[in-house]
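All chains are identified by letter, namely A, B, C, D and E, in their written order; residue positions are counted from 1 within each chain.
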Amino acid sequence: MILQVKDLEVYYGSIRALQGISFYVDKGEIVTLIGANGAGKSTTLRTISGLLIPRQGEIYFQGQKINRTPAHQIVRMGISHVPEGRQIFPNLTVMENLLMGAYTRRNRSEVQESLEEVLNRFPRLRERAKQLAGTLSGGEQQMLAMGRGLMSKPTLLVLDEPSMGLSPLLVEEIFEIIKNINQQGTTVLLVEQNAYMALQIAHRAYVLETGRIVLSGTSAEVQANPQIRSAYLGEVEEGA
Amino acid sequence: GGQGKTETQGASGEKVIKIGFIAPLTGDVKTFGESAQKGFDLALEQAGYKAGDFKIEPVKADDRNDATEAVNVATKLITQDGVKAIVGSLTSLTTIPISKFANDNKVVLITGTATSPKVTVDEGKRKEYIFRACFIDPTQGTVAAKFALEELKLKTAAILYDQGNDYTIGLANNFKEAFTAGGGQVLTMEAYAKNDTDFSAVLTNIAKKNPDILYLPDYYQKVSLIGKQARDKGIKAVFIGGDGWDSSDLDYKTMEGGYFTNHYSAQDPRPEVQNWVKQFKEKYGQEPDAFATLTYDATNLLLNAIKTANSDDPAKIKEALQNTKDFSIVSGEKVSFDENGNPIKPVTILKIEGGKQKFVTAIKPN
Amino acid sequence: MEHFLEQVLNGLQLGLMYALIALGYTMVYGVVQLINFAHGDVFMVGAFLGYFGFAVWGLPLPVAILTAMVACALLGVIIERVAYRPLRYAPKIAALISAIGVSLFLEYFSSLKFVFGPNYRVVPRPFPEVHWNIAGLSVSNIQVIVFVVVLFMLILLQILIYRTKTGMAMRTVAVDHNAARLMGVNVDTTISITFAIGSAFAALGGVLYAIAYPQIHPFMGIMPGLKAFTAAVLGGIGIIPGAVLGALIMGQVETLTSAYISSQMRDAIAFAILILVLLFRPTGLLGRTETEKV
Amino acid sequence: MKLSRNTFFYFAGAVFFFALVKAMQFSGMLTPYWQLVLDQALIIVIGALGLSIIYGFTGQFSLGHAAFYGLGAYTAGALDKVYGNGNMLFFFLSLLTGAAVAGLVALLIGLPILRLRSDYLGIATLGFGIIVRVGMENGNKLFPVLGGATGMSGTPQVAHFDLIFILTLIVILLVRNFIFSTYGRACTSIREDEIAADVMGIDTTRYKVMAFVLGCALAGLAGGIYAHRYPFLHPASFDFLKSFDFLLIVVLGGLGSMTGTIVTAVGWVFLLEVLRVVLGQNFIDWRGVIYALILVVSIIVRPQGLFSGKELRLLIPDHLKMLTGKEHTHAGSGN
Amino acid sequence: MPVLEISNLAKTFGGLKAVNNFSLSLDEGEIVGLIGPNGAGKTTVFNLITGLYKPTAGTIHFCEEDITGLPPFKISQRGIARTFQNIRLFKGNTVLDNVRAVFHPRIKYNFFDALLRTPRYNAEEAKVTREALELLEALNLAHRANEKAANLAYGDQRRLEIARALATHPKLLLLDEPAAGMNPAEVKRMVELVRYIKERFKLTILLIEHQMGMVMNLCERLVVMDFGQIIATGTPLEIRNNPVVLEAYLGKGATVA
């Protein structure tokens, strides 16, 4: 178990966004969290990466308790979180953004290696290396965010809706990349609206509803669940 | 505010008169206000907090050198604390509005240092309850011009003044008028703003004109800065200024050789002067400046009037003040008031020499 | 002509003085997007500490300056901790109000008797002033020192911000704290460093200012602070070379206006020019004119 | 036009307050000093409401408000001094002229500079304030009556509580009516997102300028009243540091809240005077220190301001109340 | 008669030709999909139509009238409304006021009516409020009318943006990725919604969307852009089988619901 979350409760002011959720991620897995808008997926990820402090519950990463560790230290421990809405640095160039991803790494040649790797994965970014990131289109920004996330060579890559706003071709590509990254040994925790695709590449899935986990299992099991098919995959016609 | 209140309610049944004191005790000219306060305190202390049959109870207030606050504070002192007379405030900016209020409410007000003619006379009408211990703006400018022309025999002048301060504007304008009338030539008149620290542009212009005199009618801290930069620019002119120079914080080294008009000279052997300087030094460990001296004089003039009237009726105190005859204060022997509430006293001219103020002459203004 | 050149030199000196303050101002703004109105007052505290250092306690000048810089760096960090950090995620204007409060606090507190006191103090020259005559123009050693220091600060800041990791961290913090955190940046530390450097530079500026214009008092920071900030805006706020450019222009405008148009109108004309420049370049001379990407 | 229910209660409240003040005056509880402070507070309320429109509701950062306050003061003061004779008609005419002049100047300067954004706009307005101050210092060269740097005295002191109170009531009502109209909504949408407002059909330039002109005219009106209540006008009373006073009132009150602006304006004026009384003579030099501390602490405790975006029920139009709970929200934190 | 007629539109940023030689004509009542890879220039086209960007070349006619270079608010008043790729609501204002604000150009009382609360003001305010509430009702947001827009859930915010756009009484509605970040079930509901509003408000719609489920279901005609230029147009069926589009945009395994 590389990541374990126990009875997590998180509040925004007085709003209880997470109502006690527990789940785990094993080494080498892709685990996906799916759920409607506002279910608490992003909140879960933000709590894991230390941006939010839980009121209740525990988070263990590689056996270490991290629910009170500040975000900048969690990065060093090996969790890289690619946030929802990209959050790239618009006033930095594409290259600088990528280098920021390796902010915690000291070994220059290794960083250079990762950079090459990322630029090969996203040739578009190489073309735009000197452009200010703020003027990239939506999809380009998403690629940049992913690339930046990979630059820290994480043990656990946490992805929040990486396919949002991307063209179908790129969505496919992104999922390819995720699979690829995973095959090369990085564990992935993936939040996706695009439940089809997510379930296709994930080993296991959890379904979140208003701050609770309502279903879990292997991807196949979850995908087979009729309620899930209607609520998240839109396959059964509902009453208008 | 409360000091002394308990005493007044004591069994003695003494008669009490409250005197207000208004000055900038906070803000950027707090240092002036504190000097004035020292003068006020020392005067009361020397009088044993008594004038005639009356015990003096001072009520102090801060106006932050702000016209609005000054009016608020004067209203408080007059309508709430029941003061019968006020010493203050320091600058014309605050004293003009409170003098109107005091006069309307028939409370005596005497300012140590507010020089604008508008303090005592406005729109051609004399505010009967208002007096001052200093010269009005025209006096010093005129005397300085006369002195420069007749005694120093200097013929050309440049003037540099603060465009936002009516004290310096008043002196500058009157110096110019008198100097020109007396046959001198004002080569240039330049202004700066209150918070300026760099005067190099205008000083460069002045240096080119090479005047005999650089007239600097501002307070000590500003003229020190200007003087320094003027010398750096190679200006050889004699510096001349007004009572604003009178402070131990003046940069004596820079201002060496300059002359300024003042109310008195610390070397004047008169006991009033010597006592004042000595006691001030003893009590506060420093030399008194113009703010302290004039406020001290103003307070003493007021105390004398209360004693003479022996009444706490402001109308009577006002009468007594107006009729002050040959009263000796630090800034003048045998002082009386003219019909506008301005003291009739000679202007002293001092020279900065060897890092000290040196008495040169005293001139009676006409 | 020589006269004109002399005025230009006067303007240069004034401009460099503004640049001295504007650099720190603009750097802090660049990172935290806060008009730190207290900057001018930290500058004042620096001037006082420097003065006490070399004129009262008799420290050698470099030691006095260093002491002032370290003390002000600390002061800057404390101000940020106490007055700005609690407001970090509040609307920007809240921190601005806090900054006005801190500015007033430093002014009024400093003018208390047991602190610096309200007096205007004359600052003695810590070293003799030397004038050189170069092509008919008089140049003083103080002017040269100020020039060198501004240049040094400018280069140092450029290197710091664009060539170091800390600088990159600052630039990310400038945009988005959470995203910066996710990169492993310690946001609190980065902001503290920013304030420390900005305030240390303010102190350095303060001491030099007090040597050039040898008089200090608790309210001395207001006007230079305001002018320096204006200069920073003129050059494009948050942009380091912009601060110097803006400051030099302000210096020239003020000086040449005083010299050739009217000394009464100086501030009016200086600010009128500022407004005019902004109308044509709404984000300052070197500011990026960004069309917001919709 | 029928009086709506809450307008009725608004006036009822006003009458009650007025009666209270009169009773306190009569019984001597309200000394002329506190009366003056109250009058000053009302004057500041009017001026601050002006900035509230400009910044609180329309989001245009202005650091030059005191300049317009001064323009109104000088215009109204000089007019009444020269042409008036203590006559009420002239008093009102001069007030209106003062407001109009401030508004007109705002129009001329606002048209070009309101294109600027946030801090750039702030510094431009601040600069304009300094230009106005230089103008005041040299105004006597054109019109000797203005007195220039030596200040202007002799303005007729005809404003008193009754008049100021009625004017304040009217201003509050008019500002309320403005805010809760389509014009007010146009303004708040500009504050929230100028680009979206533009794309949704709102002429942003026009309403930014309108808000600026209105707000500055109110500052001018307040200035005019000041000139008739305080006997001396001096450029120093209207310099840029005074603009900060208006700004902090509006922010501490809570952006986008008239109620907040009104309460804080009154509170601010009284705070300064109460501190004077509380500290007594011996600690008077702590006044500035404590004032500064109160400022910092209050903004830290309530960064969104006292009433951010909330209004007293009294100020909300009836037809909106039916939709709402106790408090109506019509604005955000507007950062 | 075409509602919108764009000819040879171009926009460059520095050296980048974001839109180039772009021509498009929309007939009344059409729903046309504008698709293409990220960075193709789709949003830029919207920005050009709505006046946020001034075109480098080309003209835009709306209902026969040349609107090229008009300021955004005037274009809106002519009858073009839009939503934004990154939601841009009046966040601090209430849901109701988000909608009411944009009634502004059509309000029939003047400044003095407002200041004096004349009967005209009262009547008109009541009317505007009623209409706004009806719109919110139609988009299933009426129950949140007095909530701050910022407090709405993401999906509600998307719908509020549509409600606000409708409140300008547009003839032409430009939707920029309305279903972004929604799961397939939610996308389906969005499709229903767009159909519904198109009928009810008699709209012509230009739709940018990457979710093929939405585009293929809704649109009669698709325009595909790449590198600022149109690379293909046609019915969904044609586009789905267009090799160029497959290559540039859809990808081989195009999943279409």
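Note that in this section contacts are C-beta pairs under 8 Å (C-beta built on N, C-alpha and C of every residue); 3 or more make two chains touch, one makes a residue touch a chain.
Quantities reported herein were computed from a predicted structural model and do not represent experimental measurements.
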Third chains touching both subunit C and subunit B: D
Set of chains whose contacts include both subunit D and subunit C: B, E
Higher-contact pair (C-beta pairs counted), D-E versus A-E: D-E
Distance between the centres, which are taken as Cα means, of subunit E and subunit B, whole angstrom: 73
For subunit A paired with subunit E, centre-to-centre distance based on mean C-alpha positions, whole Å: 30
Cα-centroid distance, subunit C relative to subunit E, in whole angstrom: 47
Interchain centroid distance [CA atoms averaged], subunit B/subunit D, Å: 37
Multi-partner residues of subunit A (at least 2 other chains): 135
Residues of subunit D engaged with two or more neighbouring chains: 137-138, 195, 285, 287-288, 333-334
Touching two or more other chains - residues of subunit C: 107-108, 111, 222, 264, 267, 294
Contact pairs between chains, per stated definition: A-C, A-E, B-C, B-D, C-D, C-E, D-E
Residue numbers on subunit B that touch subunit C, as the complex places them: 26-28, 30-31, 34, 163, 190-193, 195-198, 200-202, 204-205, 208, 220-221, 224-225, 228-229, 232, 234, 249, 251
Partner subunit C, residues of subunit E touching it in the complex: 43, 47, 52-53, 84-86, 88
Of subunit E, residues touching subunit D in the complex: 50-52, 71-73, 76-77, 81-82, 84, 88-94, 96-98, 100-105, 107, 109, 111, 114-119, 121-122, 125-126, 128-129, 145-146, 148, 150, 164-165, 168
Subunit E contact footprint on subunit C (complex, rising order): 291, 294
List of subunit D residues in touch with subunit C within their complex: 61, 112-113, 115-117, 119-120, 122-124, 126-128, 130-131, 134-135, 137-138, 195, 240-241, 244, 247-248, 251-252, 255, 285-289, 291-293, 295-296, 299-300, 303-304, 333-335
